[in-house]
Amino acid sequence: MSTFSTTEAKLTRDEMAQQVAADIPAGAFVNLGIGQPTNVSNFLTEEQGVTLHTENGMLGMGPVATGEDIDEDLINAGKIPVTELAGASFFHHADSFAMMRGGHLDVCVLGAFQVSKDGDLANWHTGAEGAIPAVGGAMDLAIGAKQTWVMMSLFTKTGESKLVEALSYPVTGLGCVSRIYTEVAIFELAGGQVTVRSTHGISFEELAERLPVGLVKAA
Amino acid sequence: MAPRIAASAAEAVAEIRNGSTILIGGFGNAGQPMELIDALMDCGATDLTVVNNNAGQADAGLALLIKERRVRKIICSFPRQSDSWHFDTAYRAGEIELELVPQGNLAERIRAAGAGIGGFFTPTGYGTLLAEGKETRVIDGKGYVLETPIHADFALIKALHADTLGNLVYRKTARNFGPIMATAAKQAIVQVDEVVPAGSIDPEVVVTPGIYVDTVVALGGKK
Amino acid sequence: MSTFSTTEAKLTRDEMAQQVAADIPAGAFVNLGIGQPTNVSNFLTEEQGVTLHTENGMLGMGPVATGEDIDEDLINAGKIPVTELAGASFFHHADSFAMMRGGHLDVCVLGAFQVSKDGDLANWHTGAEGAIPAVGGAMDLAIGAKQTWVMMSLFTKTGESKLVEALSYPVTGLGCVSRIYTEVAIFELAGGQVTVRSTHGISFEELAERLPVGLVKAA
Amino acid sequence: MAPRIAASAAEAVAEIRNGSTILIGGFGNAGQPMELIDALMDCGATDLTVVNNNAGQADAGLALLIKERRVRKIICSFPRQSDSWHFDTAYRAGEIELELVPQGNLAERIRAAGAGIGGFFTPTGYGTLLAEGKETRVIDGKGYVLETPIHADFALIKALHADTLGNLVYRKTARNFGPIMATAAKQAIVQVDEVVPAGSIDPEVVVTPGIYVDTVVALGGKK
C-alpha cells in the first residue's frame, strides 16, 4: 500500500474511482458521499463483499434504479432512486447517524474544497459573503467512519493547491482525513505528515515544489 | 389513547395554531407528508417554526409555506438547493430565521426530545462554525459539542400503515425522520396509505408504537 | 375527584387496587410497578381501553400467562410470564426507557417506603447499614410518567407515618408523586399541599392528628 | 464484514481475554445468552468487568462466574435478588466492585456508546445517592445528571435468527438489551436459534443490522 509508484498520465475520474474501489478492504461497510465518490460503487467487485450505507437510512444499497425499479421510497442520500440488495436493512435517521457517529462504518469517501496536512477537512461551505450555508450530513460523515478518504482535484482552477498547511475555508471536521485521491497524486496523512503514495503525470519533485506542505515519498 | 382517525388531511391539521413549532418528516420526496403540508397551507396557521431536513423545494409543500411567509424560523440541515428559490428569497430578505444543524445532530436532537434527554455531547460539528457559541468539551481526548433537544408542538409524518391503535410501519427509506419526530411532538399527525385493524401488524415489526401517535388520516396508496 | 368522602371500614388491598383502576383515565398508557400496583390490572375494564407498558420492552401487555400460554420470552418487569394483546408492540430497553423518560406514559403506579408532602419518593433502598443496594427501574419509573401515583400502607408496623415532611430514606425521585392511595386515606399532593380526598376507617381529624404533615380536606 | 459463523459457543467466545469488559444481554431468562455465558465460564477468562441488568441468579451462568471470582466489577441495576447469593457473598467480602446504575440510564449509556455520544444529561437519578459525585445541571427548571457511555470489548447476546450477513431479529421481550449491546461492543457475539440465508429476513423488520454483529453461533431452538 505504501510502496511509491508513478504513472505517466494523470488519473481520469474513472481511474481515481477504480483506485479507491480497489483500496476498500473486503467486507467493509462504506459510505460514498455525493458527487465523485458515488462513482466508486461502479468499480466495486462482487467478491469484495462491500456493503454500502446511505445515511438516509439503509445498509445494503444496490445500484441506481432504472425503469420499473424506480421507487420514490427507495432513494440514496443524493435523492437518486436506488435498489436494495439481499440482506439489506432499513432504519430511521437517528439510528443511521448513530451508526456513523459511533464509528461503525469502515470507510467514508468524500469530496473536498480543501484538506490540511493534519487531516482537517473543508467541504461544506465556501464562506463566501452572502452564500446560504447548507451542511447536510457532511460533518457527520467527516468524523464518523473509521477512515475518511477524500477524492478531489489537487488544484483549483487558478492553480492553487487544495492540500494546505491550514484550512482557509470553514472546517467540516478536524483531523479526520487519512487519505486523499487526486488526479495527480495519492496521499496518506498521519500525525501531521503527508506521505505521497503515487504520482500521476507529475514527478514527486515537481509535486513537492508545487505544494505548500512538506511531502514524504512512500518507501 | 387510541389515535383520532381524521376524515381528511384538513381535519387532521385543524388544531395547528399560529406560532406552533412543527416537525415535518421526509427526506427528498421519500416520507414527505405532502397532503398534510398542503392542508397546513390551507389552514392558515402562521408564524411557524418548522423543522425539516431541507427548506422546501420548487413550488410545492414547504416551499409554498415559506413563499407565503408563514414560516418565521426554519431548523434544518440543508436549505440551499438548486430549487430552493423561495427560501433563498426569504432568507436574503431577512424574512426567515435559519438555524442550521448538521443532519445527524438534527436527528439526535429530535430523538433526545422524545427520550427525555436534557442535552448530549456530540462529536459532530466540533471545531466548526456550527459549534460557535455552544458549550464544548474534550472527553477522552476527543472534542464534543453540547446539543439540546428539539421539542415541538406537532409532527407531520408519513407512514405506510397505521393500525387503529396508531402502531406504524413505514416503507423503505421513507422511514427516515418519521419514527423520531413522532416521539418529539406533543401531537403526532400521521398520513398513511391505509388504516388496518389492531392486531394485523405483527408486534415484532411495529416501528412506531401507537403511544406516540395522536391523529391518523388514511389517504390511500399511490401504488 | 376532589370531593371529600369517607367510609367506615379501611380499604382492603383489592379495594385500593379497584380505586386506583377506577381513577385511571380511559385510553391511558400505564405502567404498574412490581408488587401491589400489579394488582390494579385485575380491576381495569375493557371499556377503559388502558394500554399497559412493561419497561422490559412491551406495550399492550395482557394478563399473566398460565398453562400453555407461558412463554419464557414473554415476561413482565417482575419476570412473570404474561400475554400480549392485539396491537401490542415490542422494543428494546433504550427505546422502552426513552418512552418512560420522555414523559409519554400517562400514569405510573408504584409502591413506596415514604413519600414527602412535596411528592419526593423513597422506594428503592432502606439505607440500612450493610444492605446491598438495588435500584432497577425505580428511579426511571418515578420521574418518567405524566403522573406518578403511590400505593402503600400509611403506617409502618411500629405506627409511624410513611407520609412525611421530609424523607429519611434515600430518595428515588424528587417532587414526582401526585397521589397516594393507602388503606386509610387517599391523598393528592400539589405544591407542597396535601389534600385528603377520602378517609377509610378513620376520621379526617384523627388522621390529621396522627400525621406529621399539614392536611387540607378536599372540598 | 459478514460475521464469523462459529461452530460452537466455545469457539464463539474464544477471543475473550482476561480483563475484558463484557456486555451480557437478557432480562430474567428472556434473552439471556446462557450457552455463551457457560462457554465464557469454560474459557477461563478472568478479571472481567461485566455489564448486565442483574448480578447473577442461583447457581448458573453469571452467578457461577461471580462465584469463581472471575468478575472484578459488575455494572448493573439490580444485583440484590432472593437467589443472588454468590454476588451477595462476593460483595460482602469486598471481592467484587459494584457500579449501580438505574436501569434506564444503564440502557441509555449503552446506547450512547454505540451512537458515539460522549455523555448525556438524564433526569433519572437526579437528587439521589446514585448521582453523588456526578455533574448535575438544571435545564429549563428540571434537574439532570450527566451520564457517560459504557463501551465494551465484547457483547454476548441472544437473538432468534441471524442471516448470513449478521442481520438479527429477536423474539418478544427477549429483545431487551440485545440491540443496544450489539452496538456498544468492539465485538458482538450472538447466539441464535437458526442462521438463515441473506435475503430471507425482510429489510423492514431487521432489528440489529449486520454491521454490528461479529460472530454468530446457531444453537437450535428450544421451541
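To keep things simple, chains are lettered A, B, C and D as they appear, and every chain counts its residues starting from 1.
Simple rule for what comes next: contacts are C-beta pairs under 8 Å (C-beta built on N, C-alpha and C of every residue); 3 or more make two chains touch, one makes a residue touch a chain.
Source: prediction; values computed, not measured.
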Comparing C-D against B-C, which pair counts more contacting C-beta pairs?
C-D
Per the centroid of Cα atoms for each chain, what is the distance between chain B and chain C, given in Å?
35
Taking each chain's centre as the mean of its CA atoms, chain A sits from chain C at a distance in Å of 55
Round to the nearest whole Å and give the separation of the Cα centres of chain A and chain B.
29
Which parts of chain B, given as residue numbers and ranges, touch two or more other chains?
108, 111, 115-117, 122-123, 170-172, 203-204
Touching two or more other chains, which residues of chain C qualify?
58, 84, 90-91, 98, 100-101, 144
Which chains touch which?
A-B, A-D, B-C, B-D, C-D
Chain B residues touching chain C in their complex are 1-2, 111, 113-117, 163-165, 167, 183, 198-199, 201, 203-204, 206, 209-212
Parts of chain B lying in touch with chain A, wherever the complex brings them together:
27-31, 53, 77-81, 87-88, 91-92, 98, 100-108, 110-111, 122-130, 143, 170-180, 207
Residue numbers on chain B that touch chain D, as the complex places them:
108, 112, 115-123, 137, 139-140, 142, 144, 148, 169-172, 202-205
Residues of chain A touching chain D in their complex?
26-29, 49, 51, 53, 58-60, 84, 86-91, 98-105, 144
Footprint of chain D on chain C - complex, ascending
54-58, 71-76, 79, 84, 90-94, 96-98, 100-101, 125, 130, 132-140, 143-144, 170-174
